[in-house]
Structures are given as C-alpha cells and as structure tokens.
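So, here's a batch of structures to check.
The following pair of complexes shares a single chain, chain A, combined with chain B in the former and chain C in the latter.
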Partner chain A sequence: MSQRRYALDFLDRLDQRIIYLFVALAVGIPLISGYSLPPTRMSTAQAFFDQIEKLSSTKDKLVLISADWGPGGVAENRPQTEVAVEHLLRRRIPFAMISTYALATPFLESVPREVIARIELEEPQQKWTYGVDWVNLGYRPNGFLMIQGLAKSQDLHKVLEVDANGLQMGDIPLMAKVRTIRDVGLFIQITGLVGVLNSWIQYFQTQDYRPPFVHGCTSITIPEAYNFFASSQIVGLFEGVAGAASYELLLNSAFPNRKPGEAVRNNTSIAVAQMLIIALIILGNVGSMTRWLTDRLRPSEPLS
Partner chain B sequence: MTPNLKKKLIALVTFLGGLYFFLVYVIPIPDEQLVLGFPFSTVHEQMIFAVQVVGIMAIGLGLINIFQVHGGRILYLRKDWLNSAALIAGLCITMFVQVQDLITTERTVQAWKQFSLLSQFVSAIAEESQSTSIAETRLLALDEKLQGIGRKLNQERHLLSVASHEAFGTPPAAAFKGDLERVEVQLASLLEAVRTAPDLQNLKPQFVELSTQLRVVGSSAQKVVTINSKGNTWKNLSRVIQEGFFVPLGASMFALLAFYIAGAAYRAFRVRTLEAGLMMLAALIVILGQIPQGAAYISEDLPGIRKWLLDNISTPAFRAISFGAAIAGLAMAVRMWLSLERSPLEVDEKSTRDMRSAKE
Partner chain C sequence: MSVAPLSYEWWSIVLAGLCSLAIFSFLIRENAFYRFFEHLFIGIATSITIMMTVKTFIWPRMVKPLFDLDRLPFPDGTFAEPYNNLNLLLLMPMAFGSLYYFILSHRFAWLAQLVIGFSLGVAGGFAFEGTFNEIIPQIVDSFRTLYTPGVDLTTTEGFFAGIANIVFTFTLLASLSYFFFTFKRTDGSLVERSSHAGRWMMMCCFGAFFGSTIAARMALLVERLDFLLNTWSCTLFPFISICTG
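Moving on, here comes the complex of A and B:
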C-alpha cells in the first residue's frame, strides 16, 4: 500500500530531539548572553510591594516568610523570595524564614545571605546582621499541625525553642518582642506546591487576628492563587517569575542605585521559551490542518 | 494481639484523634480555661509534639521499608539491583554525613550556649535570692564555672587558632578573650559588693550589667566557633551533598518538564473542536499577556485582557472545582475518621492469608 504524501509532511515527522534542541537554545541563549526585555507591569506585584511599603521599620513586628519550595522551584520561587527579602532588608524590616517543606532547608539560609552580600556590595556603609535583621527558623515538620501550633501559641519561644543554627529564641534580639501571632505584621508564603497555601490560610490565624497574607506561586498554580486573591484572602501576589520581574521594576524605581537582579533575565529566558511553545503549537496545528485539507480536497486513492 | 482487637484499637485511636482536632478547631477556646472539663489550650502544644513524634516514627518505618524492598533486590541480584544499590549507598552516605554534621553543629553550639545559660542564671540570682549570703554562694558557683570554661578553652587552643587569622576588624578570638576577662572583672567587683551590701536591691544594675556582658561573651564565642566550623570536614561534605548533588539534580529533574511540555504541545495540542479552539485562544492570550513580548510587540491591552480572563473566567471555574473537591475531601475525611474506609492493614492481612493458602 503506497503512503499518501502531504505538502507539509516534514512537520509530522519532526524529530523530538530537534524540538528539545530549540527549547535548550530558547532558554539558554538569553541566560548566557544576558539579553533581557522589560517585564510586563502587574497589579498583583504592585499590591505585594504596597504591603511591604505599608510596614513600619520600628522592629516591633516581624514579617514571617514561609519559603515552601525546593530545588524544583529555583527558576520561579527563588527570584520571588529574593526580591521580597531584598525589599525587607532595604527597608530594615525584620523577617524570619521558615518552611514546612524539607527540601527548602538549604535555601532558607542561602537566599538571605546571598541577597545581603549583594546589597552590601552596593551599599558598603550598611551592614545587615543575623539575629537583628533576620533569622532562620528552619524547616518545621508536620505541616498544618505545626502551623496551627504557631497560630495558637501564647509563647512562640516555647514552640520554636531554637533557630536553624541551634540559637535559643531568647538569645535572638529580633525575637525578643515576638511572642504570639499578633507580633507577625505580614505573612509571605512562597511555593509551587498545590495545597500548601491552603494550609497556611486555614490555620495561621486566631479568632480575632490574622496577619495580611501575600503569596508567590509558580506559573502553573496561578489559577489556584487567583481564587484567594479575588477573595482578598491574599492581598499581594507574585505570578510566577513574571511577578518577580515586575517587582524588580518597582524596586528599581524605589531604590535608584540598585543593580538589576536575576528575575528579569530569568523572565526573559522563560518568555522566549513560551514563545517557542506557542510557535510549536501553531506549527503542529498547521501540519495537522494541511493533512486534513489534503484529505478533503484530494479524492481518495484506490487501494493497490 | 488478635487482628480484630488491633483493628478496633486503631479505629478508637483514629476516632479520638479526629475528635480532638475537630473540637480544638471549631470550639472557641479562651486561654487557660476548661472546655467540657478539658484544658484544651494547655495540652494543645503537647498534642502537637506528640503528633511530631509519631511523624518521626514514620521516618523509621520508611527506612525499614526501603531496606526491605531494595536490600532484598540487591541480595538476590534481581532485576535493576544496581539502581537499588545506588539508592541504598546514597541513603547511607547522606545519613552518615548528616549525622556527623549534626554532632559537629551540636558541639559548636554547646561551646557558646553555656554563656547564654549563665546569663539567665545571673538574672535568676538577682530575682530569686532572698539574702546576700545566698547570692554570694551562687555567684561563687558562677565564678567556679567560668574558671572551668577558661581552663577548658586553654586546653582546646585550636578553637581559637583559626579565628585569630581573621583579616578585618578585631579578630574574634581576641574579642572573645577580652570579653571573658571583662566578665571576670565584673564578677569579682559584684562579689565584693554583695559581701558588703545590706541587701540586693541596690545591686540590681550591676547584676543586669553582668548578665548582659555574659551574653556579649556568648556572641563572641559564637563567632569564634562559627569561623572554626567552616573548615570542618563533615560540614564541607554535607555542603557538597546538598549544594553539589541534591539541589542541581532536583532542579534538573524539574527542568526536564520544559522539554516534555514543548514536545507534548507540538504533538498533542490539536484544535479539532470549538472547545479546543477556545481553550487555545485563552491560553495564547494568558501567555502573551504575561510575557514581555506580548505587550511590547502585539498589544498593550494584552495584560489587561489576561487579567480579565483570570478574574472572570478562570477563577469562578477553579473555585467551583475547588468546592467540589473540598466536599469530596470532607466526605472522605468523615469516612476515615469513623473507620468506614478500608484499613490498609486489611490489605496486609489479605495478602498474608493469600500467601499462606498458596504455601498450603
């Protein structure tokens, strides 16, 4: 039986490895060359920024950052955590890193330290100190039970006991005034995992107090996050790496001496890859439409 | 224990556990008050710790399971035994290095933690001593402890050696020695004052000063041990495992998704129906509205249209799905709470019975 031939037959027979090569080039070239495009401004990122701007730097309240992401979230969640941490550090608002996800452990320490090293290079006269400006509370097991324990505790020092380095809560100047959930002025939750934000929203509150929530999610969990943003259960949002890149624009305007971070570059790289995916979808459909049209227009060949 | 009794016991514990967490969540509990004769707020923290302990036991069970499944495969050289060997080797090496790292960290923490405890001890002397003679006895005990720490540090000079080479500012080792000497001087002066003073009231500022100085010494000691621990082999090995293997391998696994998505988009995303066409159009608008090229080269309105789609189309649909899933989850939870769901133990019992009958 002879095989019927189509005008754009090669599209159907395109080797998977060629697609992979194009993806590697689309992602890699912007990252290697440093090519970047100005990100889209997002109202959700602006809302996140405004929440941090609203905070007072009198050090009587703490910002709690739950970084529930691991190596799989490095591309999107890491830039989000970095820009949020940078904003807090620049405004001298004390914050604590915590996580309910074991794989996040190395990043709870490395992200703030790397951001501090970068901004100390930009502003050599300024210093940020562990225990005074920030603290790492480490990975805490038992998900929602731990969250519930934090919310209900009358003395967080007793529940937390020590930080990730074994330092007692009483020895950390930053934690001196932090005793209950009421001392948390803002809660930042960053994750790419489905359901983690739900747990924090459900359990990190008491009958009469709930800190404002802001959230960072990966691109695939944006629809879930919008649920909570639309109902004002979260009051600021990073929509994937695009949200972090948009936040960088806001940081650049607020701190004119700031050197660009990685979010804009990552966003450009992912955007080029997304353009490629659009192109591939269109090409795939063109191939399939050509086959359909050819079948319609050409009379069927007799069986040999 | 008979299987029937075991099943009943598990059902009872499950029910009581479920009941507790249901009540603690729904009943408004004022602090330190009894609700239905039960001190919820007092015991809740202990309950959380108890659940954590059970969770930790699960890690042990997981380990036994891995060794049973993969150990058997290695011993009998079954199919893919090399993969199992790699898993067990990775597990053992990581566990060994992490435990050594933990022990090293604990030792370094202990080196400076004692100053924090002594600082609390000084505050307690000022608050709780009923007479100057009791305070004097306690201060002498503190003096003895400090001398003991001094002797120990002299024996372990290597603790201070690396830190002395710090290039900037006061070397931490020198700062630590200076701070410790200041504490000794302050303590001697306080002891003298306690012996002559009629009561402790006038000496409170000196106690506070000594307590603060002990915290300063603790902070200096922490800097010394932190610098020293940087050269520790176990710490470096632990870092290599985490930063050299774990993080890049984890990120690579996730990055592979991009390639599969691109391949799948090309091969599978076909517009064959009106619904598929609508979905593709919405996806295109959402992607283009999010990336820089959309607003820059196609239309400035794209981000706005994207937001409208997310707010008015995606969110209501997603919310409906979430509500449905939540109701199903609630029904499932009630069934599990009341042990109406099939117990995982039943599978074991059935398979044991099957194995027995097969042997017979």
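Moving on, here comes the complex of A and C:
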C-alpha cells in the first residue's frame, strides 16, 4: 500500500547533507567576501567597556585575566580576549594572563603578542614591553585550591614564584607592587567551560575585598552568565562573538585610527547562518502544516 | 598571509586543515578517517593536560625541591645555603595521594578509599563556603520591589524597565511553585495554575538555552570555515583570487 502524497512532502524528506551545504554556503560567503553587518550595541558589553575605562593607568593595580579556554574556545573566547587585551594595552593598564585550563597555555602568550604586533603597526611610535605592560603567569593547576591560594595569600610572589617563562616574580617590574588580591583592580574571566566562572566567583575573594568581576562567555553559557550579571556578581559581560563584535564598535569609537578586527565579520556569518536556520525551521513547519491541512480538508480521500 | 612553502608553519597549517576536513567528513557519513582523528584529538588533549601538570606543578613544586634540583651550586660544588629538611615533608602528601592507585587492586582497594574520603571531606568543606559566596547574592537579588521608582512609564524603555521586576518576580514564583511536590494539588487551584505557568516559563528558558547552543555551534563552524577558506586554502593555493585580492 503506497502512502498518501502531499504537496510539500519533499520538505520532510530533505537530506540533512543538503542542509549542511546550505549552512556552509551561508557561513562561507560572508567570510570570503568580507561583507559585514553592523553588530547590535549591547549594554552588557558597554558595562564591560566602562569598567576598563574606569581604571587608572598609574600601574598601582593590576588587571588579572583568567583565560580559561582552549582550542574549543577559539571561535568565541579568543575574539573576546583579544578586544579586552587590546583595550587594556591601548590604555596602558598593566595586566597578567593566567589560566586554570591546561589547553589554554599557548594562547596566554600568543594572544597578547599578536594584539601588540597589530597595534604597534597602527601606532609605530608606541611600544609595549613584556614585564612592564603585561605578564604571562601561565597555566596553574589545582583549580579552586589554586584560586583560594591566590585570594588568601599575603604575598603573591611566594604563591606564584615564577611566570610562564621561568622569570622570578621579583624580577618582573609589573609585579613589584602586586602583593595581595587587593592589588587586583579588575578581574576578567573568559571561558566557555561549565563551572569555571563559578569557582572564581566562589573563591576569589577575602572577607573584606573582592575585585570587580567581568566575564566573557560562549553563546551556550549566556543564560547562566546572566544570573551573575543580574545579581551584580559580574559587572560586565561578553555574550559570545556578538559581545566581542559590539565591543569592537566601542573600541572603534574610542580609538578612531583602529583597524576593524575579525569579530564583526564572524558575527555577520553567524547572523546569516541563524537567519537560514530560522528560514529552514519555518519551511519545515510549512511542510507539516500542509500535511495537516490536507488531512483536515480532504479526510475521506482514498490512499493512492 | 604568506607562509614559506614547506616551512614548519606551512606544515602546521596544512595538517590542521586536513584534521579539520577529517572531522567534517562525518557530515557525509561515519567513516574510519573521522574515527582515527577523533581518537587522535582526545589523546592529544589528555596528554597535554598531563604534561602541563607535570611541567608546571609536579616538577617545579615537588620533584625539584625534594631532590635538591633547585639550588645552584658554586663552581667548587658548595651551596650558598644548606638543604632545607622541611622539603622532606612533601613526601607525606605524596605518599598519601599515591594510595589512590590501590584502586586498581582488589585486595587493597580500601586504601584508595581513604584518599577518596579525605578528598570528599575537603571538597565538601570548600563547597560549603563556595556555595554561600555564589548563591547568597543571587537570593538577595531575588527580593525585588514590584514598583520601580523614578521610571517614566510613558516611554518604551521606561515601560519595559518598569515591568521588568514584575515579570521577574512572577517567573520566579511560578517556577518555584512547579517544584511544590509536598502537598496535594487540586484542579483549578492557585498552585496548580501557577505551576502550569511556571512550566511555560521554564519552556521559554529551555528554548533560550537551545537557541544559544545553536549560536555557539555556529560560531565554531564560522571559525573553522574561516580557517579553511582564508588561511588553509591560501597557504596551499596562494595564487587563487581570494588570497591575492
């Protein structure tokens, strides 16, 4: 017995590989052509920006960046780290890179160096020096135990001992005045891993001091991150690539000579792909609706 | 971007592209090529974690002080300071932690349980402090006034700011009421209706989670396609128009 045929039946039987092909085209064409749509301005990214703008560049306090992302976070966390690092470098605010995630190790060094190389091309009269403007504290194992050690230490030089390149803390000019958590003026935590932000929020504080927290998350963890943003446990937020793209707009406004980065272009590709997915969901439902309507209008038609 | 052919960087990019294509081959069908690279990635990620832990913690913090490898000798073989005997105390936690490996023995598995029990106790104690630090501010923030003073309800922004706390409080109470399982619910009762509303609210939340998951997956795809189209292809075929343009 053959099944009843419907007008838009092919939509139900569409091969998944055709959908993959359409998605690849939707993503690939903006990437190749370089076409980009302006990103939405986000209040969360603006709040992140304002926190860095509030900081003084007197080098009394340090910004600690915990980049807890690896190769799986390159798509979203890397652009976020890049724009945050760029903003700090341009404002000459000293910062330290650290991570509790082993696979982040190469990025702790490469991201600041690549950003510095790019902005030194734009501003050849300026130089940024390792140990003076930034430092790489490297991967630190033992998760929340290490975080507690950092928070409760009376001498961070003893806890950290050396940087990622084996340089003693005492030999790094940037770390000369940094002794306790009170010398951390802002804490930036960027990750797509579940539970890492929670560990920092839970343990990176003392009874009487907690640095302001800002956070960069992947799209998948935005709903969870909003809990912390709503309760002011974090005071700035990057929402996936869109957050980084929105931040690029703010950087472009603050530094008019800046060349646009890649976050805006990648954000355009994601937007086009998402529009395609919405269109495919609607089309799929049109197919189902047609089937339902056909059955309702011609219920007695014999099966052919 | 120009990379010298057959240089270390050139091989890195070419191999990375082949690995990505191997993983993408799963989209066509399950195949041995995909399986091989999947297991390769898992192995590499695990070995990097082990090696980084040894390099950044076990070697400099445990082995070097214990075996006196961190003191530089003078040319005559003497040292500026004597060996710190307190370093030997490191042996105690090392020995205790090593008992964990008895989990592989049927006869002495109880020794591993000592370590597990100790770890659970420590983690429980820390979690007690951590949970309070994380949750209490969120509970405090949940007590919001329904009326937001100083908001101009006649403007669009003001209107949404004005009703934000009402929506939040309604969603919170409705979602909480869904989890009241301690007394009998009757059809049409306030709790029953509120629980239904809570279920709808949670469905909206799950929809947001699902949508953000798709956005995250798309971001991963964009990054890989960007690499394949703009870096990998331009490294292999620098003469094509998108690379020369």
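The definition used in the following text is that the second predicted complex is superposed on the first by the 299 of 304 C-alpha atoms of A that agree within 3 Å, B and C clash if a C-alpha of one lies under 4 Å from a C-alpha of the other, contacts with A are read in each partner's own complex, and residues count from 1 in each chain.
By our rule, a contact is a pair of C-beta atoms (placed from the backbone, for glycine too) under 8 Å apart; a residue touches a chain by one contact, two chains touch by 3 or more.
The shown structure was predicted, so the numbers you read here are calculated from the model rather than taken from an experiment.
With both complexes brought onto chain A, simultaneous placement of chain B and chain C is prevented by a clash.
Using the contact criterion defined above for the overlaid structures, shared-chain residue A:Val27 touches chain B and also reaches chain C.
By the touch criterion stated above, A:Arg41 is placed in contact with chain B alone, chain C being left untouched. Looking at the shared chain after the overlay, A:Ala102 reaches chain C, while chain B stays out of its contact range.
Of the two partner chains placed by the overlay, only chain C lies in contact with A:Gln233; chain B stays clear of it. In the superposed model, A:Gly195 makes contact with neither chain B nor chain C. In the superposition on chain A, A:Met275 makes contact with chain B only, not with chain C. Among 55-63, 109-117, 181-189 or 235-243, the region of chain C with C-alpha atoms clashing against chain B is 109-117.
For the contact definition in use here, the residues of chain A common to its chain B contact set and its chain C contact set are 20, 23-24, 27, 70, 72, 74-75, 103, 141-142, 145, 148, 219, 222-223, 227, 230, 240, 270, 273-274, 277. Of all residues in chain A, only 17, 20, 23-24, 27-28, 31-32, 70, 72, 74-76, 102-103, 105, 138-142, 144-145, 148, 161-162, 192, 198-199, 201-203, 205, 218-223, 227-228, 230-233, 240-241, 262, 266, 269-270, 273-274, 277 touch chain C in the complex they form. Listing the residues of chain A that touch chain B in their complex gives 14, 16, 19-20, 22-24, 27, 37-43, 70-75, 103, 106, 141-142, 145-146, 148-149, 152-154, 158-159, 165-168, 170-171, 207, 219, 222-224, 226-227, 230, 239-240, 242, 267-268, 270-271, 273-278, 280-281, 283-285, 288.
Per the touch definition, chain C reaches chain A in the complex via residues 27-28, 45, 48-49, 52-53, 56-57, 60, 126, 129-131, 133-134, 137-138, 140-141, 205, 208-209, 212-216, 218-226, 229-230, 242. On the chain B side of its complex with chain A, the touching residues are 25, 28, 31, 41, 44-45, 48, 51-52, 55-56, 105-106, 109, 113, 116, 120, 215, 218, 222, 242-243, 246-251, 253-255, 258-259, 261-263, 265-267, 269-271, 280, 284, 287-296, 303, 307, 310-311, 314-315, 318-319, 322.
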